[in-house]
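The letters A, B and C name the chains in turn, as written, and every chain counts its residues from 1.
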Amino acid sequence: MKLTLKIWRQKNSQTKGELKTYPIDGVEGDMSFLEMLDVLNEDLINKGEEPVVFDHDCREGICGSCSLQINGEPHGPDRLVTTCQLHMRMFNDGDTIVIEPFRAKAFPVIKDLVVDRSAFDRIQQAGGYISVNTSGNTIDANTIPVNKHDADESFEAATCIGCGACVAACKNASAMLFTSAKVSQFALLPQGRIEATERVLNMVAQMDKEGFGNCSNTGACEIECPKGISLENIARMNREYLSASLKG
Amino acid sequence: MSKLDSKIPKGPLADKWTKHKNDINLVNPANKRNIDVIMVGTGLAGGSAAATLAELGYNVKTFCYQDSPRRAHSIAAQGGINAAKNYQGDGDSNYRLFYDTIKGGDYRSREANVYRLAEVSANIIDQCVAQGVPFAREYGGYLDNRSFGGVLVSRTFYAKGQTGQQLLLGAYSAMNRQINRGKITPYNRHEMLDLVIVDGKARGIIARDLVTGEIERHSAHAVVIASGGYGNVFFLSTNAMGSNVTASWKIHKRGAYFANPCYTQIHPTCIPVSGDHQSKLTLMSESLRNDGRIWVPKKKEDAEAIRNGKKKPNDLSAEERDYYLERRYPSFGNLVPRDVASRAAKERCDAGFGVNKTGQAVYLDFASAIERYGKEQAAIHGNHNPSKEEVTKLGKQVIENKYGNLFQMYEKIVDENPYETPMMIYPAVHYTMGGIWVDYNLQSTIPGCYVTGEANFSDHGANRLGASALMQGLADGYFVLPYTIGDYLSKDIKTGKIPTDTKEFDEAENKVRELLEKLINNKGTHSVDHFHKKLGHIMWDKCGMARNAKDLESAMAEIRALREEFWRDVKVPGGMNEMNAELEKATRVADFLELGELFAKDALHRNESCGGHFREEYQTEEGEALRDDENFMYVAAWEYTGDPGNEVLHKEELEYENIEVKSRSYK
Amino acid sequence: MAILSSSIARKVAMALSGLFLVFFLAQHFTINITSVIDPETFNSWSHFMGHNILVQFILQPVLIFGVVFHFIMGIVLEIRNNNARQISYKSFKGNRNSTWASRNMIISGAVILAFLGLHFYDFWFPEIVHKYIESNPLDATRYYPELLHKFESPVRTGLYCLAFVLLALHLWHGFSSSFQSMGWNNKYSKGLRAFTQFYAIFIPLGFIFIALYLHFNQIH
């Protein structure tokens, strides 16, 4: 199929960018979206132009590197997939596809479609862990039984891949879904309860400091999340935060 | 002569590690503050080691090419992690895990290392649970286990199909704690491009900031390489796009021996290649072989008709299908180890029975399982005379509960419903057992340069068992390296900061600059991918699942020619002082083009078949791998001498004192 | 205001003030609907609300504070949120993942605010002037005629109806959203959501009904 791509090109973080139009031919339905961009890049290189830079790595939907706002939605029109798992059969011959970087003040553009998501790392550094030594001299794993339902919910929250689609989809560029998934994973486990108060206060403080917007419960994040992380996590974090604030 | 001293401690197997830990030197906490360690790679092995070293008090700098340590490719591991916990009471023990691993590796791994791995495996689970890794649990709240191929016990801990992700996030959280304390300085989007050796010791690295393009000097008292495997030498593999051999190859060129490069694991159940534009292969968990039956048509005409789209797989009756694994290996059937299953698929496809457009795919069929489970469920619900539709419906529900996410993933990629029509699968490169040679302390042949995880030549011999890679990465990082490196660093307490304004750093930095400038200024006619794909084709066709002397010889020549062509004709757009993905790829492919030749050389010299290395000349009458223990029971460690085609072989003989060496049979 | 320094605290404050206003709306509606059922009751309840000391000097200021707080906070949050994405998308398909109502609370809120201005101009200011400035004698029967008089104009009636449509949209998202903000998301949430949506339609529709009823019953 033949497509028209409108891709955001930006030399670096200091310069202004713009959408540039690239026609592309010979796209097959079996190609992934990134393979389609590979074809475009090969073509650009052969023509002596600079290829489009985008983040990607595992190309199987788990590392969270790939991003891209495709036709106004993070990871494109398909549901529960990352851009690398999005296939071209989702599009039709003659379509125009607008490809932009994830946009947020906290995710500055580095080049073309690559953004800096280190804000997420700093949120986790602020408390996304359990303070246990890695000596191996902990108690036997089975001396901490965990209710299966809680363990499963904790796991579901922990499947977040940190891609930033929640921020990209949110009209407020809020990072609540990401942060709440991290808070929830630990809040649901007995091991994590011990530091729960400090954790939620510190992580939310860091999240605010990074310049993300406020949550207004539109639910866009949950719909666009490639891993289906639930809004319940945000409610849980709100709860945790309130009780932590009251405790002081 | 040989530098290959494995430094295995004396004494009985089970006491070696404890005794060793008691004997080695320690560093006083106050002195650790004055010692720096560089960690290249932040996956399971690197991340866990960085966190532990920082916690002990060392100053750690971590380097990864990804934008966050959390994206290292360990994250993609699906199935699980082995540990000899014996929670199931099914007779598991350290010895059994040790035994299974040695046997699974086709008797080509080091006894003492493997025993230590089994010994610390249980600690990994304790550690991870304490860190909040949400492993799967039973209704009673205790940890659940699943079984994996090639063993007789249930010892695999898991978190659905995302065990690697959960373990990596655990290690990353431990790292975060240390970053927050200021003990780890993370250098993300940085790539190591050379090792700096001062007075014979590894004292630093040259790294490129992938955002600004700046070339940086970093010094330390020791350098740890944990940068993973080199499966991407095949271009198409289940590895991440950025996975590379560069860090390993650079230290190899600086004096670290490369061991067993030809030991590659080809995983049998991956989604087949769909076209020329394919960039990457996707694994479908080994667990599918528990319920799926593998087959191809019996008659070539049928295979051809299917390839042309004239027939559908479901048009073929049971008699017209060849369930070749069940036919060849009646006792293990579809559950033979990975290497055996992969070779059998290739054999059928090469003989003209492949089933997709390219003829490179076999069926993995769940129809029998759906029917079996459906009948079972109907009976449980009290329906002893169910209709065919009822059976199918109930059966599909069972399959969905077990493998729903994998089926969905398959459908997204292939656009076929695997509940209705059999899945198509084909083997793909997945893991590399070979790597940098290390001694018992995980130190390479360069003093002060340690190598952990998949990057070292590891504990898996010639074939790795499922769920063992995660175990090894974390064992190395959490529990082995932090002890053994202390012994080395105890001699460095008075050294002080290593200066970076020395001639050694100058020389290394200049070399890196020259390399990058050469690539940028080459202005050839073909992209990096063009060469990478060509290399991949040579590797897959001639150094893949089955190898022979003639092909390997020609592979060596072809790779050498391709390498020369690359340096003559590669085109790298953009500049050095900016983010430049093509330049990153070019440096990596340049190293693959050297490694590829050594790979072929190693495969050519090993005149036997063992594990993942299958030489067509060395097989039994039934087509099974034929080992030559008398002549090849050694680790082949290669020394770089300026040309990958002329490296010097060093042998570390393997001695088995605690295990009887037998041939593997799955008939 | 230090307590409102975090994003979650601001959210909760928004939710609490909103819920208070939702409660007030129900009370307002209950009194107003009597104007349709029985003008006598309307007069007597209105008189009570207008002259009870507790209502006039405690609840009324609290209500005014609630309204002012809710809209100031709403504007503050809107500014902050806009600030969190300084370069906007060329293509943004919010309708693929969220409702119009949820994304445009600032618009529905602004319309409601404008309506409140009209409402104060129509009822509250005249009432304050009548009671506290002109110090007119008590008259417990004046309320219904005054109300009827206001809905003579079709333009005003139309504006009222339009405002209530926007109020419905505001409530459609805001009412249930406030529970999520306060951390209330559990197995009862589905039922609660149904109730809030019923409420979001029923109350504004009721007000529209009252406005239209009074408008078309001017003849009497």
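Criterion: a residue touches a chain if its C-beta (ideal position, glycine included) is under 8 Å from a C-beta of that chain, and two chains touch if they have at least 3 such contacts.
The model shown is predicted, which means the values in this text are computed figures rather than measured ones.
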| item | value |
| --- | --- |
| Pair of chains whose C-beta contact count is the highest in the structure | A-B |
| By mean Cα position, the chain sitting nearest the middle | A |
| Between chain A and chain C, centroid-to-centroid distance (C-alpha), Å | 37 |
| Centroid distance [mean C-alpha coordinates] between chain B and chain A, Å | 26 |
| Euclidean distance of C-alpha centroids - chain B vs chain C, Å | 62 |
| Of chain A, residues touching chain B in the complex | 11-12, 28-32, 34-36, 38-39, 42, 44-46, 48-51, 53, 55-65, 78, 80-81, 85, 87, 89, 110-111, 114, 116-118, 120-121, 124-136, 138-142, 144-148, 151-152, 154-155, 158-159, 161-162, 185-186, 189, 191-192 |
| Complex contact set, residues of chain B against chain A | 48, 51-52, 55, 66-68, 70-73, 75-76, 85, 87, 120, 123-132, 134-143, 159-160, 162, 165-166, 169, 172-174, 176-177, 179-180, 186, 188, 211, 238, 240-242, 274-275, 277-280, 282-283, 408-409, 412-413, 415, 478-479, 527, 529-530, 571, 573-574, 578-579, 581-582 |
| Parts of chain A lying in touch with chain C, wherever the complex brings them together | 6, 8, 19, 69, 71-73, 77, 98, 100, 103-106, 169, 171-174, 176, 204-205, 207-208, 211-220, 223-224, 231-232, 234-242, 245 |
| Residue ranges of chain C touching chain A (in the complex, touch as defined) | 6-12, 77, 80-81, 83-94, 96-99, 102-103, 105, 173, 177, 180-186 |
